[in-house]
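A, B, C, D, E, F, G and H are the chain letters, set down in written order, and residue numbers restart from 1 in every chain.
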Amino acid sequence: MNTEQLKALLEDVRQGRLNIDEAVERLRHLPFEQLGFATVDHHRQIRCGFPEVIYCPGKTTEQIIQIIERLAAKGNNILATRAEPDVFEELEKTGKYPKARYEKAARAIIIEQKPIELSAGAIPIVTAGTADIPVASEAKVTAEIMGQRTELICDVGVAGLHRLLDHTERLQKANVIIVVAGMEGALASVVGGLVSCPVIAVPTSVGYGASFEGLSALLTMLNSCAAGVAVVNIDNGFSAGFTAALINQQSS
Amino acid sequence: MNTEQLKALLEDVRQGRLNIDEAVERLRHLPFEQLGFATVDHHRQIRCGFPEVIYCPGKTTEQIIQIIERLAAKGNNILATRAEPDVFEELEKTGKYPKARYEKAARAIIIEQKPIELSAGAIPIVTAGTADIPVASEAKVTAEIMGQRTELICDVGVAGLHRLLDHTERLQKANVIIVVAGMEGALASVVGGLVSCPVIAVPTSVGYGASFEGLSALLTMLNSCAAGVAVVNIDNGFSAGFTAALINQQSS
Amino acid sequence: MNTEQLKALLEDVRQGRLNIDEAVERLRHLPFEQLGFATVDHHRQIRCGFPEVIYCPGKTTEQIIQIIERLAAKGNNILATRAEPDVFEELEKTGKYPKARYEKAARAIIIEQKPIELSAGAIPIVTAGTADIPVASEAKVTAEIMGQRTELICDVGVAGLHRLLDHTERLQKANVIIVVAGMEGALASVVGGLVSCPVIAVPTSVGYGASFEGLSALLTMLNSCAAGVAVVNIDNGFSAGFTAALINQQSS
Amino acid sequence: MNTEQLKALLEDVRQGRLNIDEAVERLRHLPFEQLGFATVDHHRQIRCGFPEVIYCPGKTTEQIIQIIERLAAKGNNILATRAEPDVFEELEKTGKYPKARYEKAARAIIIEQKPIELSAGAIPIVTAGTADIPVASEAKVTAEIMGQRTELICDVGVAGLHRLLDHTERLQKANVIIVVAGMEGALASVVGGLVSCPVIAVPTSVGYGASFEGLSALLTMLNSCAAGVAVVNIDNGFSAGFTAALINQQSS
Amino acid sequence: MNTEQLKALLEDVRQGRLNIDEAVERLRHLPFEQLGFATVDHHRQIRCGFPEVIYCPGKTTEQIIQIIERLAAKGNNILATRAEPDVFEELEKTGKYPKARYEKAARAIIIEQKPIELSAGAIPIVTAGTADIPVASEAKVTAEIMGQRTELICDVGVAGLHRLLDHTERLQKANVIIVVAGMEGALASVVGGLVSCPVIAVPTSVGYGASFEGLSALLTMLNSCAAGVAVVNIDNGFSAGFTAALINQQSS
Amino acid sequence: MNTEQLKALLEDVRQGRLNIDEAVERLRHLPFEQLGFATVDHHRQIRCGFPEVIYCPGKTTEQIIQIIERLAAKGNNILATRAEPDVFEELEKTGKYPKARYEKAARAIIIEQKPIELSAGAIPIVTAGTADIPVASEAKVTAEIMGQRTELICDVGVAGLHRLLDHTERLQKANVIIVVAGMEGALASVVGGLVSCPVIAVPTSVGYGASFEGLSALLTMLNSCAAGVAVVNIDNGFSAGFTAALINQQSS
Amino acid sequence: MNTEQLKALLEDVRQGRLNIDEAVERLRHLPFEQLGFATVDHHRQIRCGFPEVIYCPGKTTEQIIQIIERLAAKGNNILATRAEPDVFEELEKTGKYPKARYEKAARAIIIEQKPIELSAGAIPIVTAGTADIPVASEAKVTAEIMGQRTELICDVGVAGLHRLLDHTERLQKANVIIVVAGMEGALASVVGGLVSCPVIAVPTSVGYGASFEGLSALLTMLNSCAAGVAVVNIDNGFSAGFTAALINQQSS
Amino acid sequence: MNTEQLKALLEDVRQGRLNIDEAVERLRHLPFEQLGFATVDHHRQIRCGFPEVIYCPGKTTEQIIQIIERLAAKGNNILATRAEPDVFEELEKTGKYPKARYEKAARAIIIEQKPIELSAGAIPIVTAGTADIPVASEAKVTAEIMGQRTELICDVGVAGLHRLLDHTERLQKANVIIVVAGMEGALASVVGGLVSCPVIAVPTSVGYGASFEGLSALLTMLNSCAAGVAVVNIDNGFSAGFTAALINQQSS
């Protein structure tokens, strides 16, 4: 609630258009509802210019569908991440969401209730290997539902530099780049050294042995000798897509 | 080297204005020099729109001053981070850099050879505690030498929420925010939940016991439940300032 | 055995009411029995004012039921934590425990043989997300079987502060609060900063990547900048409920 | 600000006793001041019933004395933890704080401006070894400035059980107990098994080799098989004293 | 090969009873055979006074049975640890080992081809909880096949000290004690403080959360403040039984 | 592209045999193709003198077969590592690769399209235990498809030194040795101390408890007191075979 | 207190030779005294057949000397470990302990008030390198003050096996062996494989990089493939000497 | 001792030229001497074709000089690594080693008593930054005293790829390459992808925050996606130089 809104409310009190109990109520009443198991916050879309997001792990299929129903009733766009295929199947059985679709690679359910106009400039999403594609896909659907165009550049890991260098020009035009890499995660540093825009690096749990479930790539990216690289959690394509979208929309 | 430059060079070959050996030389000659112990890259300022940066730890005072001399000769602005006071004293003794100044809190040497015009919009740099100020200061001088205005908001850790909430409006106007916090590092999540711009989070090694030299704050920030938070290395104010500057200059 | 009991026993010896071998026997005989595989301690309920608790993992269904039988014979209330549903099914098949019930969310078997009168003041159990509910439920059933009223406040993570702040008044009235959070676990610090009672924080293994199975939330909570926060083991709802109950019953 | 205060303020607006701008100001004005480097929160003493605490590491002597001056001006009691002796010497040189004293073992500065009446029931502070005494002392001065009586029981580590068992009766009378132990930290479990009140366990960095600066004792205490044990950060005597004081004052 | 044997061999050479090539062969020929996938060492039983041991994980059922056949042909006693029940079933199907038996709790196959006479003095094997019994059982069968009597004392964890203290006399008579404990592993220190013989401590992976698969108990035991405690690998009942047997047989 | 090739190309430009756009195209055109999900680099075989390698985990069976088809079309030898048996079954169903074979122990698919002549000198591959054989087998097939002869020496762990010492002469003749060991991984140091050629050490995840999935063996090998030991990732038989082949082929 | 003593005491009560309060007192009175900062336990020497040990770190020189005085008054032998040279100098200044000596390599103060007769059989103490000698020396003085002869075998690390094998016969005669090694710590496994007595392994913090202050050697020793190896804390020569002495004295 | 030598010795026995006791003595007598604190192995130079190496940390100056004296008497070349300058000063004071020199950057003492002829082919030693030079220098002096030529290529970290690519041709001609890098250590993967010879990677402890003293670079290098990369311990320039020399001398 900003100052102007507060002044208007107080003016209403002063003018007698609003009695005190109602004013208290309105001052204190924040617009969210209780589902019993989850507090759904409808304000967030307005506040953040963003669709509602449901992180599925740890929730039952019933809980997920119930949350979707509540949110969908407001007409917002919806993104459910890390959704197993059977959640989508159950959702389809309800017959209520003809616009719902399942992005298999990203393991995401998307319901576009409001049309999305994509940005002019695209966010390059660069992956070191084929096994990093699921995480890259999550970043992709996230950025897109936030209205940002993306372009996927796959399998350009640093062991074959020429594969990456071939894309130099595209990368140097971007406002922000997402780099997705497991194993040693060196791709973020190399890309960071080629460009002058911020790089959002996503370590993945791809690898074995001393990759320790993504720890190796995470540390590599945090210690990048290339300035302008910021890091999100292991395998967190959603967070990378979200952050990059926030940056890209400022430049458009 | 972009396509246009390459075509021009080949045209010169075709026209006989350039013989083959010279062409090979120019194609291969990248404009850096060998100091013996360090390869100084003058191109970077042009490529990245950024002053040259020297990371001082592990270099002797002699090495640092030699690198500064080479870089200064090109007329660029210079930032030397993690510089101990005696490095600056030695630099002053040379009598060559009247514009050099030492930022004590940030432990940085700055030589502004070219005038810097600061951006209209400021980057808020928010710290959880007083002990986080050195890292915040490094972020501040970095962003400023890149032409970005900053505003420092200190000691607004989450244990006293009202201190932070008082700054909500300023935070919600920013294009990007830097959050600097040690101990449990929860400030990044709370700020991230209040705003709709990207947050660059810097964990600090402030704390004791199970803070494990900043590991606790690092993990907290990587696991932030607020979307739009990206993280740099522990105590790496430079990287935060650099990344935030890249984002802020896109919006100005 | 306290001093009074010891004096009485010695008096009996002095008076000849007790011969020496019997006295030795009584001095040494501690009232527990050997099941072969487990030493069941009936004294604990008297000593600690608490029902007998069985931690199920690592025990076979047969062992669990055998222990329950022994304990139930004494008439105490019984709580079996981390019990898989099939253990309860087997227990029901015995037909001996009509009062036994299974709390699915908490994965707990409860046998209330003695009536429990709940305390006047409730312990708020606050969770950051829906996925933290199982751990919160374990805390809840534990506190309740110890006679303490509870109130569950779900899904009020720090990324949407207003959701939490709406409950400020309820929280500030409590004698002790349980905070259950995974991911970055920042909720404990924020709650700790709002109240003046002790906070028992439970990190959960909810999260992915660099949450490292709850390590991130654990470290966050241990490093809390808010004073008055004490921490129990990852996912250990039982310990949180137990500790909070001990505190709350002192205030009632 | 509670509901009653809010209603009164709105009533003033309605009655015209307060104009809207002033109301906005009062609604938004939270009573803290800006020192430039630190936001001092005078409300906290009222809100939490507690003296102001200054955590000294990472602050310069000048900063610490400046903060003390501000806080002292309000007449509150003051506790500065982890203060090196020279900070106290500088404070004494100001000649302004005749009531200031330095607790050497605890490395704490205490200024009792308001008289403190100690509680009837004491909090036992139990240490495993002599080397744990500094941390125990920090807990002691913290609890005492919060008005709680304490009793120190030193060097009763589990390798000589009879030393501990000799204190059983005193321990069993307590409302809350602080256990301070390094090395393997087993004392918390043993004490926890003897009593029916909550135990606040403080791991210390005492030990060598695989104690890993307190990690060993920390893990031991978190995994305690005795219910009712909650843990604070390594070497964090302040947090233990604070939490135990909050519990003990409820019982008095 | 000891000095006497070497002299005898050289004497044979000198006397011409052994030609040089044969001598080289005998000097170099160590009595083991190649199965292709495993080098079976028959000498070890003689050298170490011990039955042959097969550690089953990572070996196929076929490989295990083949190794058993080779070893059994020599008439030695055999112990196969961490053997799944189906390995034993397959072994039984061969019909060749009527003396083979499967110890379910220990997951061990035992073939006593030579009679074992048990020692007079027993090794106490003390466990903190019921869930530690499988590891204790492995220690038990190992010590027994090495000819050492054992006595199992279960579920005497430190949270109920009197359960342990009841066994003090038995413990104080032992030459060596095995302590098996998970969770916080404090039992080793407490037992170590009660006795004057060596204690072999086995951390187990019993526990959850911050027990980190036995790491907590391991560190506790390594940092034991009670002198005379030595530690083996997590869950390694075999190594504990073996080491304790070596010690106990010296005293008998 | 080397200097000579570059000169020839520029000569063609100068002579008018190549127009500028074509020259740019040829300069920039690196010979790889886009499959959509993977950038296949045919140059690598020429550049590295090596067959194409496919690391299977994280790729679907369809993706693997598609990559094999593309690569096979060039006539190269192919090695697919960590391939599950069903991938090979699907490959066989295509009926296109009669020369394809599956190495079960190594979990590798091999297609020898070009004949391989094995080196004169063999690379010894030494394993500590039977359970290390799968990793050793991966090293073996890798070295062999690179044209290097190998010899497997199994189950010669350091607990029975004579087993290893029997092979001393063979080891001392080698140009390079691969040592594969889990548990404590001490074999690398002992072998390193016996020979004067480089040792490539592969830690395996064989072991339990505090082997922490191969971390113990990894650290042991990195800290080897024997000079000339270099280490590859845990369980990475491929990398060991590859590196050893590069060394061995130089000596042949 | 054993059963016989208890019976005698009860008899005295029965006979009226002891009144009840005195009996209670005697039953409860354990013979230790309070120094204020440390509970000195005189019983331990009798109970464990061992001199009193003072672990110096974390204690002030004054505290150490005070404890020595108390203990010395009883006539026991005294061992102070990890004592800095200045502690010994201060002790000498008191002029009270002519028999006190300082073992520089072991950093130990020893006061032999009672004559010690050394055992017939010696405990071999084997070190991998010269830098391990301080830890070995601590083990040596500990074992010796407990009456056990020792023999030091230095610098026989596994990189030069013949150095170790030269001592095989001496090692095979021992009842127990102490192995002290840093870096990769492989020596424990190799020695363990040569002998049939228990091996007490002490990892040291000797090494660099990935030795992680002794963690590498610790894990190596815990994962030893040689049975009969038990481990004490990093650099804990005292614990190794103590444990080995307990074992060796049983065999003598 | 090889087969031929053994046969000759046995022949001497058979011929009566050697009596049995002498033969035993000669068979068992390995040519090393006891200094008391260190077993010096003169055989190693012959066995490994290498100068004697002394690792200085943990040894006193006196011990180091004594070892040098013994070794020097045999006429071998000597390398003392990690030697502080004052060790060299003390060595010079003896006046015995006019050929001794101190390599400051490498912290190494070198005594070339036998002339060294350098190999034709040089080993490139590539560093990411100026701060990696000390480690690179240790690798350099090590390889050189083993007779291998080296060439240092400094400060070509991956953030400025063109700096590295300028050296591609030199790198592609090498038989083996040493890569020295701290921070994220990505240089090893990039170099590995450019060449077809083995790469010996040395992680350095250069960096801060989450570089965790070289752990980040270590993990990066172990997880390299480029085949042919093997890794030595953090900061272990000696081991890298030694291993690379063993490889390079095979190719020369």
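Definition applied: a residue touches a chain if its C-beta (ideal position, glycine included) is under 8 Å from a C-beta of that chain, and two chains touch if they have at least 3 such contacts.
What you are looking at is a predicted structure, and each value in this text was computed from that prediction instead of being measured.
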Worksheet entry | Chains touching both chain B and chain G | C, D, F, H
Fill in: Count of contact steps on the shortest path from chain D to chain H
2
Discussion item. Looking only at residue numbers at the chain E/chain F interface, is the share used by both copies over half or under half? Answer same or different.
Written reply: different
Worksheet item: Given the pairs A-B, E-H or E-F, which one repeats the contacts seen at C-G for over half of the pairs?
Response: E-H
Response to the item:
Per the C-alpha means, the centres of chain A and chain D lie apart by a whole-Å value of 41
Practice prompt. Could you tell me the distance, in whole angstrom, between the mean C-alpha positions of chain C and chain E?
Written response: 38
Discussion item. Just the number, please: Cα centre separation of chain F and chain G in whole Å.
Written reply: 50
Response to the item:
For chain G, residue numbers touching 2 or more other chains are 3, 28, 129, 160, 165, 209-211, 215, 218, 222-224, 227, 233-234
Worksheet item: Name the touching chain pairs, would you?
Response: A-B, A-C, A-D, A-F, A-H, B-C, B-D, B-F, B-H, C-D, C-E, C-G, D-E, D-G, E-F, E-G, E-H, F-G, F-H, G-H
Discussion item. Per the contact definition, I'd like the list of chain F residues that touch chain B in the complex.
Written reply: 3, 6-7, 10-11, 13-14, 16, 20-21, 23-24, 27
Worksheet item: Taking the complex as given, what residues does chain G use to touch chain E?
Response: 2-3, 47-50, 53, 169, 175-176, 196-198, 200, 218, 222-224, 227-234, 238-239, 242-243, 246-247, 250-251
Worksheet item: Of all residues in chain E, which touch chain C in the complex?
Response: 129-133, 154-156, 160, 162-163, 165-166, 206, 208-211
Response to the item:
The chain C residues in contact with chain B across the complex are 128-129, 157-161, 165, 183-186, 189-190, 192-194, 207, 209-212, 215-217, 219-227
Practice prompt. Spell out the part of chain C that touches chain E in their complex, as residue ranges.
Written response: 28, 30, 32, 36-39, 41, 43-44, 55, 57-59, 63, 203, 205, 214-215, 218, 233-236
